[in-house]
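Lettered A, B, C and D in written order, each chain numbered from 1.
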Amino acid sequence: AGVAARARAQDIGDGDPAILNLPEHSKTLGLPVASNPYGLPSRYEKNLQRRESPGLTRVGAASVSFCPLQGMFGIITANGLHFERHHQGWHDIDPQQHRLMINGLVKNPSVFTMDDIMRLPSVSRMHFIECGANTGMEWGNVAVPTVQYTHGMLSCCEFTGVPLSILLDACGIDKKRARFILAEGADGSGMTRTISIERAMDDVIVAYGMNGEMLRPENGYPLRLVVPGVQGVSWVKWLRRIEVGDMPYATKDETVHYIDLMPDGTHRQYTSIQECKSVITTPSGGQMLIDKGFFNISGIAWSGRGKVKRVDVSVDGGKNWRSARLETPILSKCLTRFNMDWVWDGGPALLQSRAIDETGYVQPQMRQLREVRGTKSIYHNNAIQSWQVAETGEVGNVHVS
Amino acid sequence: ISLSLWAADSYPGIGRSATSKEIAAWDIDVRPDFKGLPPGSGSVAKGMLVWEGKCAMCHGSFGESNQVFTPIIGGTTRQDIQTGHVAALTGNTQPQRTTIMKLSQVSTLWDYINRAMPWNAPKTLSTEEVYAVTAYILNMAEIVPDDYVLSDKNIAEVQKRLPNRNGLQTRHGMWEVKGKPDTGNTACMKDCVKTVSISSRLPDYARNAHGDIAKQNRIIGPVRGADTLA
Amino acid sequence: AGVAARARAQDIGDGDPAILNLPEHSKTLGLPVASNPYGLPSRYEKNLQRRESPGLTRVGAASVSFCPLQGMFGIITANGLHFERHHQGWHDIDPQQHRLMINGLVKNPSVFTMDDIMRLPSVSRMHFIECGANTGMEWGNVAVPTVQYTHGMLSCCEFTGVPLSILLDACGIDKKRARFILAEGADGSGMTRTISIERAMDDVIVAYGMNGEMLRPENGYPLRLVVPGVQGVSWVKWLRRIEVGDMPYATKDETVHYIDLMPDGTHRQYTSIQECKSVITTPSGGQMLIDKGFFNISGIAWSGRGKVKRVDVSVDGGKNWRSARLETPILSKCLTRFNMDWVWDGGPALLQSRAIDETGYVQPQMRQLREVRGTKSIYHNNAIQSWQVAETGEVGNVHVS
Amino acid sequence: ISLSLWAADSYPGIGRSATSKEIAAWDIDVRPDFKGLPPGSGSVAKGMLVWEGKCAMCHGSFGESNQVFTPIIGGTTRQDIQTGHVAALTGNTQPQRTTIMKLSQVSTLWDYINRAMPWNAPKTLSTEEVYAVTAYILNMAEIVPDDYVLSDKNIAEVQKRLPNRNGLQTRHGMWEVKGKPDTGNTACMKDCVKTVSISSRLPDYARNAHGDIAKQNRIIGPVRGADTLA
């Protein structure tokens, strides 16, 4: 294998200079507390950052930046690494001037300041957010090298905010006629999405908090919708308005985008739920195993329909499987981290993970999805991902058949 | 306007009623049944001026540009206008799906231009300009004639001519939580498949297309990023 | 009440200018994705940052910076706000040169690189970390104004790393003789702490990950010990060595500090566990309620002995109590967020919270702790905290009797 | 030195045996039973030179400075050396607890100076210097005489003279997970106390001691920070 391994394998004589010669930081005084009143990652971690996929979009303000899953741990996404998707760019807007309006089929159309919203009963819940187009580049042939680009439109945070049901109830929602809501953003795109009233009254959150602090500007500061289990486009950012209505709104992103082209030439509309899915993040595409021997295969699994029940891992391309360890907590519509022991013997290997959720649904093979949906539907690719380990230790993104 | 206390019973002191002017200022959505569409009209001719002045630099004079965004116009036929299904969506004849190929509701087009275009100055068009430029787009797609004047009165007629008006469906299990999934994979554990072959891998020419992967992975840990510059 | 409230109460005529005049961000194009490859909070959030308590220590490199709990949500601490405690400053050390040695009562004294450690089986778990001296300033009279300073040596993250038991087992720990371990840091202070072998083999983690990314330099990058339920000083940062031994080591921070002075003049040694505790963070000391009316009283509870079972809240100084809503997940040795409805009538009020853990232990009153421990023990003050709301809406830190 | 593969069975390829030189370089801890203490010695006289040259600027010439850290010396008596209990730890006679008042193990002092002092150049003292300056501190505290030479041979004797050697105890429930707590509050819910009075509040002079609290709270939400400058 690689250079690092050879360095370790050689005779080290008296010992490792990194031990025998005490490092500088053991013999000097470090920096004071609050040198950074708001802390930042180590300078040695610069490689882990959000990135665009070249050629995917034409302009940066209507684009996406991907989360560096290849180097991440557990289920929580540090806020600085949360993936971005904007249609008309992001703004750092003044929260003192931000308002939320609720209108439509309610007794009392209302306006709320951020002060108002943050005084209401709050909940805090951990949920994943995944763009409907995540893994979309895999519908055809392999086109991107790493898990950052195949699966990086995915993040998971603890969100805090007001249950939407509380706001709607308090405005006197017309329960007889209300069938859908429209959520609308305050950015240039005025992003709009339809949500069924059952879902709106269930676990949707009008959120301001993310991992203990306020939402980041790129993620909708000061207010966004959290729609657990549903594709990210519905999690309207810079949320300014909720309208209660009696029919779907057929907004641009429900009629021209986020519609899934089927082999018969029709498009599926309102394909909202992110179905059960998983991916191995270590080792993954574009990585080199540093040596033969033991490895901890690690990845994440999630389901828009509830909890992850089990994750199986194969190292032979799906011939044989072993169930992985699941880390706790295992929460509904939230990432679950899995880990599995593996000894790499230096031969070729083909790594896959397969998640099963509490409904019993088993993450499908690419072939099975294609049988129904063809290869042009862009959205909702939750197929099993394959990573091929070559004898050199290099891991590649591959499709199997 | 009387300002009633909001939800005084449950959450005293929080929120207030919206004024009608406030609702008017923000309630801009236009639904498929045209609820929300303001009265007004705009001609194709006027729309061409708006387009050339405020849109063409990004979308191209014929709505065909692929520079800033995927093309708006192209890929639809007279036949499609008859059937309400865009034939080119089946098969591989069309390189990209244009907006007009996918569009099933004219309300969507009106609403979106009104709320979000021009991209760098959204919500600055007058109602007439939105009607006009919408008409011009429909004209470029040969849905309305050159002398057409689009208005709240005749927009429902235009809906009936949209090439892909019948092209969208909701026959799937992905809207409702209890919906039925497309596939039914099994959790087989042993000897599940006989042979595995690689059907696709990253082409060599794309190896460095995302930059040097060595610089996108941590410098410690079980792996390093492959040096894709080498 | 305050200015904001009066502005809202006045007749607004046609409506709020913030609604009637569309904001700039609704009419312009925003910034592209990955403008910040590593994201940062909004510029409007600058008030929430880590701070020293003036006069608490004399030099910044042997000091503490406190977490701004007064403005935080849920249970996860965003990494940029994690409290700091250093004895000899912090360093951003090169992880390629970092080593972990395990010696003492093991068959095979060993050295691990970060590569090695990150290849081993990993776990990810959410735990609070609290300095043993947290709330120490409250043993005597009220001396600090806000919850940042009374309770801010507290954070909670998802940690990822190798169970210490795996490392010790693999080195061939001498199970017959091993009674304690010593953990040692690589900083100037070479911080050392004794941990009993039962605990070491239970849930202690040799951790490198924190909220999905690597530990921050201020928190021990690239390696620290996570000792769930135990005071932060044992969570040795920049961990370089674990020694297995058969007696406690009586290190400086076990013999001169982190010892609790009792009224009889003796010091308690090895007071490790952070007992069950809670505090209301909103509203809390130094804050002004913006108006009369509804408020969501919100706070955090935790226990070093397991899960939080219940939190009660009083608004009349402990005369009457109501049980608060607990947010999920409720995890062992982890923060739990609680919330409770409250309508402030504009009169004086006295807010308290009281946590109960799964052992049945009820968070004590200050008086009860003082009866046993006096007022000079500095560490392990887990008493019920009182916040007084004045008629002006201003909230003050008070003690009650 | 033979380099055996580590844990070859369970985790092949990971870790390696430490060399004895490596262990010697890092295994610096000194336990209460003096395991780990390197052979050597140092005199009070030499210690004074070390102290004046490398320590006094922070801790003061007599270890009494409160500038950089709490004082090291002070508050102990000959009587304490007899009893092994520092009397001043009871009552309010001593303004601060000095290091020497709390110290129960001489090994701790030796180990800590060896690993962490001088604060700005830790791990730079020779073994002799550590013995010497430890001796000097003990001398300043009148535990050893002016002509004392501290060594690995006599350090156990010194332990027997530490003023607070009997002052530490572990009679509490906070080391073991199953330990018994000190208090037993009850979860009373109604009419739990008759009257509540405020026994302490922030003194007015301290209102702004932590800076302007208005600038330490969010500018939106249920509360603002009190303007403590006003």
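Here is the rule we go by: a contact is a pair of C-beta atoms (placed from the backbone, for glycine too) under 8 Å apart; a residue touches a chain by one contact, two chains touch by 3 or more.
This one's a predicted model, so the numbers in the text were calculated from it and none came from an experiment.
If you tally contacting C-beta pairs, which pair wins, A-D or C-D?
Greater number of contacting C-beta pairs: C-D.
How many Å are there between the centre of chain B and the centre of chain C, using C-alpha atoms for each centre?
Averaging C-alpha atoms per chain gives centres 46 Å apart.
Whole-Å distance, chain C centre to chain D centre, using C-alpha means?
Taking the average C-alpha coordinate of chain C and of chain D, the gap between them is 22 Å.
What's the distance between the Cα centroids of chain B and chain D, rounded to whole Å?
Distance between chain centres, rounded to whole Å: 65 Å.
Got the chain D residues that touch at least 2 other chains?
In chain D, the residues touching two or more other chains are 10-11, 13-14, 16, 18, 22, 26, 119, 122-123, 218-222.
Residues of chain C that contact two or more other chains, please.
4, 8, 16, 19, 26-29, 44-45, 48, 51, 59, 71, 88, 95-96, 101, 111, 113, 115, 118-120, 188, 190, 214, 222, 240, 290, 293-296
How are the chains arranged in terms of who touches whom: line, ring, star, complete or other?
other
Just spell out which pairs of chains touch, all of them.
Chain-chain contacts present: A-B, A-C, A-D, B-C, C-D.
Looking at the complex, which residues from chain A come into contact with chain D?
For chain A paired with chain D, touching residues are 8, 11-16, 19-20, 22, 26-29, 95-96, 113-115, 118-119, 214, 222, 291-294, 343.
Touching residues of chain A toward chain B in the complex: what are they?
Its residues touching chain B are 2, 4, 44-45, 47-48, 51, 53-55, 58-59, 62, 68, 70-71, 87-88, 101-103, 108-112, 116, 119-120, 141-146, 148-149, 169-172, 182, 184, 188-190, 192, 196, 199, 229, 240-241, 243, 245, 247-252, 254-257, 259-261, 263-273, 275, 282-283, 285-290, 295-296, 305, 310, 312, 316-322, 350, 354, 356, 361-365, 368-369, 371-373, 380, 388, 394-401.
Give every residue of chain B touching chain C within the complex, in rising order.
On the chain B side, the touching residues are 1, 3, 10-14, 16, 18-19, 21-22, 25-26, 119-124, 218-222.
Which positions of chain A touch chain C when the two form their complex?
4, 8, 16, 18-19, 23, 25-45, 48-52, 59-61, 63-65, 71-82, 84-86, 88-99, 101, 111, 113, 115, 118-126, 157-160, 186-188, 190, 208-209, 211-214, 216-218, 221-222, 238, 240, 290, 293-296, 298, 325, 327-329, 331, 337, 339, 341
Within their complex, state which residues of chain D touch chain C.
Those residues of chain D that touch chain C are 4, 6-7, 10-11, 13-18, 22-23, 26-29, 31-33, 66-69, 85-87, 89-90, 97, 99, 102-105, 107-108, 111-112, 115-116, 119, 122-123, 164, 167-177, 179, 181-194, 196-203, 206-207, 209-211, 213, 215-226, 228.
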